[in-house]
Each structure stands twice: as C-alpha cells, then as structure tokens.
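The structure is given below, and queries will be raised subsequently.
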Amino acid sequence: MIKNKNILVLGGDSRQTFLAKRLKDKGHDVYCFGFNLFENSELKKVSSLKEIKEKIDVLVLPIISSNDDKTVNAPFYDGEITLSDAISTMKPHSIVVGGNLSKNLRTLFFEHGHFSVDYYIRDELKIKNCIPTAEGALSIAIEEMPCTVAGSKALIIGFGRVGKACAKLFKALESDVSICARNLNAFAWAELYGYKSLEIDKIDNWLSKFDLIVNTVPAKILDKEKLSKINKNTLVIDLASKPGGVDFDNARQLGLKTIWALSLPGKVAPVTSGQIIADTILNILDERGDDPWQ
Amino acid sequence: MIKNKNILVLGGDSRQTFLAKRLKDKGHDVYCFGFNLFENSELKKVSSLKEIKEKIDVLVLPIISSNDDKTVNAPFYDGEITLSDAISTMKPHSIVVGGNLSKNLRTLFFEHGHFSVDYYIRDELKIKNCIPTAEGALSIAIEEMPCTVAGSKALIIGFGRVGKACAKLFKALESDVSICARNLNAFAWAELYGYKSLEIDKIDNWLSKFDLIVNTVPAKILDKEKLSKINKNTLVIDLASKPGGVDFDNARQLGLKTIWALSLPGKVAPVTSGQIIADTILNILDERGDDPWQ
Amino acid sequence: MIKNKNILVLGGDSRQTFLAKRLKDKGHDVYCFGFNLFENSELKKVSSLKEIKEKIDVLVLPIISSNDDKTVNAPFYDGEITLSDAISTMKPHSIVVGGNLSKNLRTLFFEHGHFSVDYYIRDELKIKNCIPTAEGALSIAIEEMPCTVAGSKALIIGFGRVGKACAKLFKALESDVSICARNLNAFAWAELYGYKSLEIDKIDNWLSKFDLIVNTVPAKILDKEKLSKINKNTLVIDLASKPGGVDFDNARQLGLKTIWALSLPGKVAPVTSGQIIADTILNILDERGDDPWQ
Amino acid sequence: MIKNKNILVLGGDSRQTFLAKRLKDKGHDVYCFGFNLFENSELKKVSSLKEIKEKIDVLVLPIISSNDDKTVNAPFYDGEITLSDAISTMKPHSIVVGGNLSKNLRTLFFEHGHFSVDYYIRDELKIKNCIPTAEGALSIAIEEMPCTVAGSKALIIGFGRVGKACAKLFKALESDVSICARNLNAFAWAELYGYKSLEIDKIDNWLSKFDLIVNTVPAKILDKEKLSKINKNTLVIDLASKPGGVDFDNARQLGLKTIWALSLPGKVAPVTSGQIIADTILNILDERGDDPWQ
C-alpha cells in the first residue's frame, strides 16, 4: 500500500474532514484547506495555500470539484480558491482526484502535467454508497408509512446496485419484497435472495397492491398512467438521479405521497460517506503506484 | 371467532380509526364517536351517544382511557364525554376494553355490571408493539448517527421484548450487535441469534467502544459514572419508559447525544398500532366468549 | 473467573476431549482418564486413578454419568471404573459435575462430602445445544427432501427452545416457515421474527400443505388421524426426546417418510457439543466460588 | 405465455418426471418416453415413439443429451433410443431443447429443419441451480465439520454465482464469512452483504484461520503450497467443475479432509432441479414465440 504521500484536501463540506482523517490514519501526511475542520486537531490545517507550494503529491477535490471550472467548490470557505492556486501547491507530475471532473478540468490538469482521476465514477464507490442510500430510504419508509415496514408489501423498481441494496434492507425488516425488472437473470437472482419478481410489462395490474414503491431507475417509469393505478395510501420513494423516475406533477395532482430522495449518503452518513471516498482514493493511489503516469 | 357484536370505539386519536376499521373487517358492527374519523366512510359515525343507548356489546376506550376517572380521554373531540354517558350506551352485562384502566375505572364498570379488561397490559400487545418500537429506534439511528448502521458497533442494554426486537433489526442491517444482560440464559439466546454478549457488571470497560447504545431497561443504568465512559460521538437512544434509563442532565453536561424515544408505535406506525390493539381486543372477545362473566 | 483447579475428566466419548481442552484453555489443570484422547498431547493423560489420589478439585463425568449407579459410563475404556475409585481421587469437600445424575449418585456424592451438580439440566446448556440440533435438522431436510429448503413450506410444531432455533434456520434458507403453537404470545413472537402462525387446534386442515414438518413437542401430536392428513411427499422430522411426538408405526403404514433424529449435537458437532458442556461447567464453578458448599 | 404445445420428454433420470409435470401444469400436452416415470399417472407415457410420429412441437432431451451423438442418453431405459427415432416424432420446423448439445447434435437438428437450444448454458438456469448447490454444500459442512457452522470461520473462494449463493447461506447460519476474490467491486458487494474480504494475493497468511474453505473457482488455486498452510481440522469443499480447484493428491498426503462435491442440484433436490429446467424451457419457448425460426 502506498504511504507517506503529502495530500491536500481542498474545499467541500464536512465529509472532507472524515475523508482527511481516514487518509491520515492510513499513513499519509494530510493538509486541509477550505472547509470546516471540526474535532480533528491531528490534521494539519494550513492557513494559506502558499505555505505548501509545490509540496503536494495528491490533490483531493470534493464530490463536485468545481461549479465553474475556475474555482474549487468550497461552500464553507469564506473566499475564493482558484484552481491555479490549487495547482500551485502540487509537485510536478502529480495526481488530482476529484468528483465530477469536467472535461475542461481534466484538460487543465493535463496541461499542467498532472494525472487526474474522477473517483465518483468508480464502481466500488458507487456500490458502497448504496448502503447509506438504502438506509436513508429505509428511514424514510419507517417515518412516512403509516404502517410498519414489517409486514408491508414493497415494490423495488430496478435491480441494479441501489435496487439490490434496498431489497436486502427491506426484506431484512420482514417486508414482503417484489422486484420489478426486465430480464430473466434479475428474476433468478431475486429468487435466490428470497424476493418475488414482477415483469415490468405486467406491472400495471399490480401497482395497487403495494404499501411502498421504491424506484431506482432513472427513466420516467411511473408516468401519469401508472401513477393513476397506485393506491392513495402507498408511499412512493424515488431514488433515481435527475431527471428521476416519477412524474411528480401528476403524482401531486393525484394526491400521492411521493418523496424524491437524492444524495442520501452525504445526508444520513457523512462519516461513512467521507470514508468511502477516502478508500476509493487509496485504491486509486495503489493502482497508480509511485508514478501516476506509469 | 366471535362476530356480529355492536362495538363502540370512543375517544382517542387517529389510531382509533384503524382500530375501528379492523374490527369492522373482522365482522363486527362498529360505531365511532369522539375522534377524527378520516377516510373510512364505511364506519358508522354516530352524532350523539343517545342514538345508541343500551345498544353496545363492547365499549372500546383509548390507550389512555381517562385522565380523571370521570371523562373519556378524547383530545380530538370538541367537548366532554363523561364515563356515565359512555356506560349508558352499553347493554347490561357487557364488556369494556381500554388501555391503562385505573382501579377507580374498573370499579366503576364493575358496579354497573360490566366486565372490563385492560388490553394494554396484555403480553401479545406488548410483544407486537416491539416491532414499531424497534423500527422507530432504527430510523433514529439512521438519521442521527454520522455513520451507517451497517458496520457500526451497537450495544443493546437489556434483552427483554424490546431488546430482542432491536437486536434483530440492527443485526439485520449488518450492525455488530452486543447484548448487555445479567443472566446466562440471555447470553445463550444472544449467541443463538448471532449477537455478542456483555455482562452488565463488566460494561464499564467497553462503553467507549460503541457507536450506538440503546437502553431498554427502565432503571438508571447509564448514570453519571457510566456516561462519562461513553465516547462523544456515540449516539445514546433510551427506549425505557419513565423514569428512563439515562441520567439526561449529566448526559447533557457531558455533551453526549442522547435521545429519549417514547411511544414510538403511535408515532411511526399509527395504522399498525391501531391494528395491534384491535387484534388484542379480538383475542379478549374470543377468550370471554358470549358471556363476559363466564 | 475461577482458575487453577485440578480437574479430572473421566469416561464418556470423544466430546470429553474437546471439553477437557476447553477447560485447560481457560486456565485449569486437566487430567484425563477413561476415554480416547486424540490429538491433544497437551492434556495430562493419567495412567491410573491412583496417581491422582485426593488431588482433584472438580470431577467431570460424561453426559450419561453412569448406567448402573456403580461404575462410570466409559464406553471407550477397556475395563471398569467404579464410582468409589472416582471419588478416591477427590480432595475433601469438592465438586462433581455430570450429566443425568441419578438420585442415588447424588446421594453417594453427598455422603462422601462432595457437592454435585447436573450440568445437563442447566438452561444455558439446553439453549446452546439447540444450535447443533437445528443445524442437524436442517441438514436432514436438505438431504431428504426432494426439493430445496428454499421455497419450501415448513411447519414447526412447538415454539420452545428447539422450535425457535429451527424456525430461525429454516427461514434463513428462505423456507416459508409456519409455527404451530398454543398461546398468543408465541404467535406474537413468531410474527416479530417473520414466521406465520397456526393454532394447534386448527392444524388438521393445513397439514397437507407442507413440504416439511418438524416436531419439537414431546407428546404424541402427530397421531394416526393427523398423520393421515399429511401429503405422501412431505418429510416429517421428529426432534422430540422419548417417547417422541410421532406415531411411527402408523406413519410407516401410511408410507410417510419420517425421521426421528435424537442426540444431534453429539453427532453433527462433537467439538461444539464438548465446548458447550465445558462452558456450562465453568459457569457452575463461577457460581459456587471457592467453596462449593457456600 | 406459449401453451398447448405437444412436448416429448425423452430419456434422462428422475428429474425428467418433475420437469414433465411442471410443463404439463403450465398448460402443455406432455408425452414421456425412456425414463422411470413415477407417481405421475396424469402424464402421457407413450409405449413407442411410433405412436407420436410427427406429432411433437418440442423435443426435450436430458441434461446430458447424448453421449455418442447417435443415441439419446437414457440410462433408465432398457434399450436404445436413436436420435433419428427421436427426430421422427417431430413436426416440421420444430424445436429441440437439451443440455450439453454438441456441435454435431446441433448440426443434425439443423439439417432436419429443427431449431435447437441448449438450456444448460442459460444464465437463469445457472443462477437458480446455485440454490441447491449451496444447500448441498451447507449440508456437507454441517455433517462433516466437527463444530457447528454457527460461530465457524468460513472462507469462500470466488464471488461468482456459486460463491454468492454459498456466502448467503453460510452467513445466514451465523458463520463468519470471508470472501476471497480479485477485484474491488467484489469486495464492495461483499461488504454490502456483510461479508469480510480477502485479496487472493494475500490469502496465504490467512488460510490457517478458517474452519471451512469452500472453493468455487475452476482453477487450481489450492495448490500444494497453499494446502500446506491449511489447518488439519479445516474442512475443504470444492464446488468447482472439472478439473476442480484443489490439488487432491497433495491434500490427501497432507491429511486434509477434502470433499469434491459435483452435481449437487440433481442429488439434493431432484424435484427443484427438474422444475428449474422446465422453467428455463418455458422461457425459451416464450422467447421463440410460435415460430422457432422467427
């Protein structure tokens, strides 16, 4: 495992504290700038980026690295951090890791001789993030359904990462879980894990039977027609990223209780969320070895 | 199963709606008075108790039947319902079921020739109520802990009904669950269900290891000394009824995050909660048979 | 925890090896005599009981301590070990632990000034033994049913220790588990753990629906009449100790596949079985403290 | 769903009975020939293939369709069934489904104008077969390990279909399950399901820690060197198809208890196994629609 790198954690929110702490625990020298650093005196808070000029091996940017391709996204910093200031801290031929890196950003780092990796598109991060996402969905279901999850009938639309994680949790609480998917292999897996299966083409006749419907597919599956078949007492949770999988306007008109729950990991588990990013960064560093341009 | 009784559901809150609905679904004629009756047109809402004078076989009072032994507890009724008005609806030698029936109330019903049963002290109700209680505790843990429940270390103090239900749910979410109890049989059961065990006398050395501590014992176990050993980042949830099991004043001074969560069933699952009461009432009716004084 | 006692493990079968090993691992000096001691050179095998005259603090007898109240049950010893030889190894006022101690045996030890405890009637042992019992029953079900346990319909008769352990395991393998019991509390617990419930009085109409029936009640519940309602393809496993809960003669005549599985812990998990006894003995020693006659 | 086809089930073993029964239950006319047909009088047993000349829409061959590309594999038939006799029962332009169809066989059917599909390479069948495979492995572990599965440490090598199914079952019995795999995504999934992870490159130091090792990878991972690090009391189960993943000769010399368990579905669950094949055939028919050459 790669150790003893000088790492700068720059911008972002409270998750960066936990991320920074984890990187330090794994044997790196971690510098922090541009976010509220609480309860972690052992981290090196730098007062100005100039202090660490050309000292950094790994620059860590937040999940949304930049909103304008010019400054680092630092909502808890009382000022502006330009990307060129950020780059000035880096040793030559170093590595940048950030989330949602735009093509412009990646080009910028490339032109400065740095290798950049978007940790937010890594599968291991996406899989691990499904745990807090599913826990968040479960908590919403417990709070918002008038009955217990135990004994309820739940439909999970989609059997990808998030669908699998949700199915596991709802079944663990003794909900009667059905999976709605398209392909035979998904149904075979669903059976192995003890879920019922529902073909997406035949869903219409069944929608009224569920106490809870969780959508995980980023496509307008719950359109006006399908929504009209859902029981008024049913809770609909949409976990799909934009544009979401529910026609919310029509849902409102129909009086359905619909919750679009986004970015659950950061909300329900900022520590775990920061650690997941840190572990992904450590994986990236291990893969690159000592020479990021290997 | 006993059927076709005239049942009056009187006072209480929204749970009475679901309770009334369940009784009706099981084949009884259900009259409702003194609470907000929503979405259930098929129930017979009476406009005055005089309408049903001496017509009722079973009088159903709310969980807190009365606060003053004179009037029915009816917070959503815009007026006063005296117990003697309530009694006037009953056939001779009938049955009253209510929660938290005081000695005075029981004597009153007895003197009028009615048999009374407190459904709230029935074990099957207490056991079933542990499901919404544990779901509520789980939801609090998901929302209030900065990490996921998955992978966290949880200590459940007490292995009675609520302790067992909580242990099941937290383990189902992949928390590493330890049970704190006093007797060897509890530890043997804990092992069978896959939990770790901790003797209550040896708890002090271990309190700092947990991300979550759930108390279920109605005795001041988490006193000043024990609280001082708990980590600042640990969430403490107290599920014990009054006086609770946590010294909250000291917890506050120590800066511990402590949540005293009471009456979770009614809060997180009013429908289920009402149904549990209804099922308990049905059990009581079945046991009494056609003659309550059998 | 009590330590450094001189313990003699005497007679019995291979389980005594694992029992002796565990006692040694917990800090005692363990002497062994009268059984096949394999793979455990670190245990002190004595060649004659005379070697350890009046040296022993704790005498450990096997699960069936004696068949005749005169000699120790030692099926793997090529000779006879009298109880008086056994007693001669003990220090005055010492302790004997054994299984199935008869009144005669207890009187004998009492008259010699020794305190005796039957570990086999201890609840913590009985609870822990349910794990290997349920695993053994599960293995039989996997091997003997023509279908998978997953997706099968299983009826567990009785919801005591063994019933609870079996229900947990069969449900864990995605069997659809129903509990047959008599009281409402058992049904409430069954619901909490996600099992269905069946009143024992109404069982007759349902017996034909199950792929598997596991009896745990030591009373002839599955009599001729009930057996006649069971499907020919159903597997019946009887875990009840003598006289068992199945009318086996009638079952055979009806062509039902019936397995009476006794003493599963020793068969499927001799190591665990020995350790459970050892842990129970350690509990007994802790309770007695330094003076068994306290 | 396609119905009312004339289906001939030909050759194979007892599983074909359950397969045939399932096809009949789903609305087809099922003819049987060349295997022991027990307990299913409602199936049409034909006495000679000539009876059904050019009558068959779908020919169903066994899992091993043929051993010599000339005759149907029919170990329970007292004679020889040539493939040309089999083909003579089929309507023009019909469909053949069989397991392990050789290139020669497929060419033969093609030349006769029939469409052939190998059901045994279908993913949904392979996934579903993992349930009986994992149950069989679990039963072996219960029987052959001297301790209970509960509390044991199990290593599953490989996290494909069979590895996932085994991990689920062993964890369900409270075994402490570690997954040995190569890629980060497998580890992320393992974490989500509550298993520990072990990189295959670092396995050597850990092999001695396990009570049970289940290999699912069809490559000689457990070679002489790795085997030498395994504890003598550890049970090794190899579920990998030929050539298997264990160097059995060396394992024997080292005195390791090693079980190579093949074809578990047919052994532990012939009914389920037959039904899985039937369901796969029904999927194939649905996909082809009314014209197999669509």
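Just so it is clear, A, B, C and D label the chains in written order, and each chain counts residues from 1 on its own.
The criterion applied here is as follows: a contact is a pair of C-beta atoms (placed from the backbone, for glycine too) under 8 Å apart; a residue touches a chain by one contact, two chains touch by 3 or more.
Computed from a predicted structure; not experimentally measured.
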Neighbouring chains shared between chain B and chain C, ordered by label: A, D
Farthest chain (mean CA position) relative to chain D: B
Fitting chain A to chain D on CA atoms, where both chains share a sequence, rotation angle to nearest 5 degrees: 180
Averaged-CA centre spacing for the pair chain B and chain A, given as whole angstrom: 37
Where chain B and chain D are represented by their mean Cα positions, the distance between them in whole Å: 50
Residues of chain C engaged with two or more neighbouring chains: 131, 150-151, 191-192
Of chain B, residues touching chain A in the complex: 18, 131-132, 135-136, 138-139, 142-143, 145-151, 169, 172-173, 268-272
Chain A residues touching chain D - in the complex, by the definition given at the top: 123-125, 127-128, 130-131, 164-165, 168, 184-185, 187-189, 191-193, 283
List of chain C residues in touch with chain A within their complex: 150-151, 174, 191-192, 194
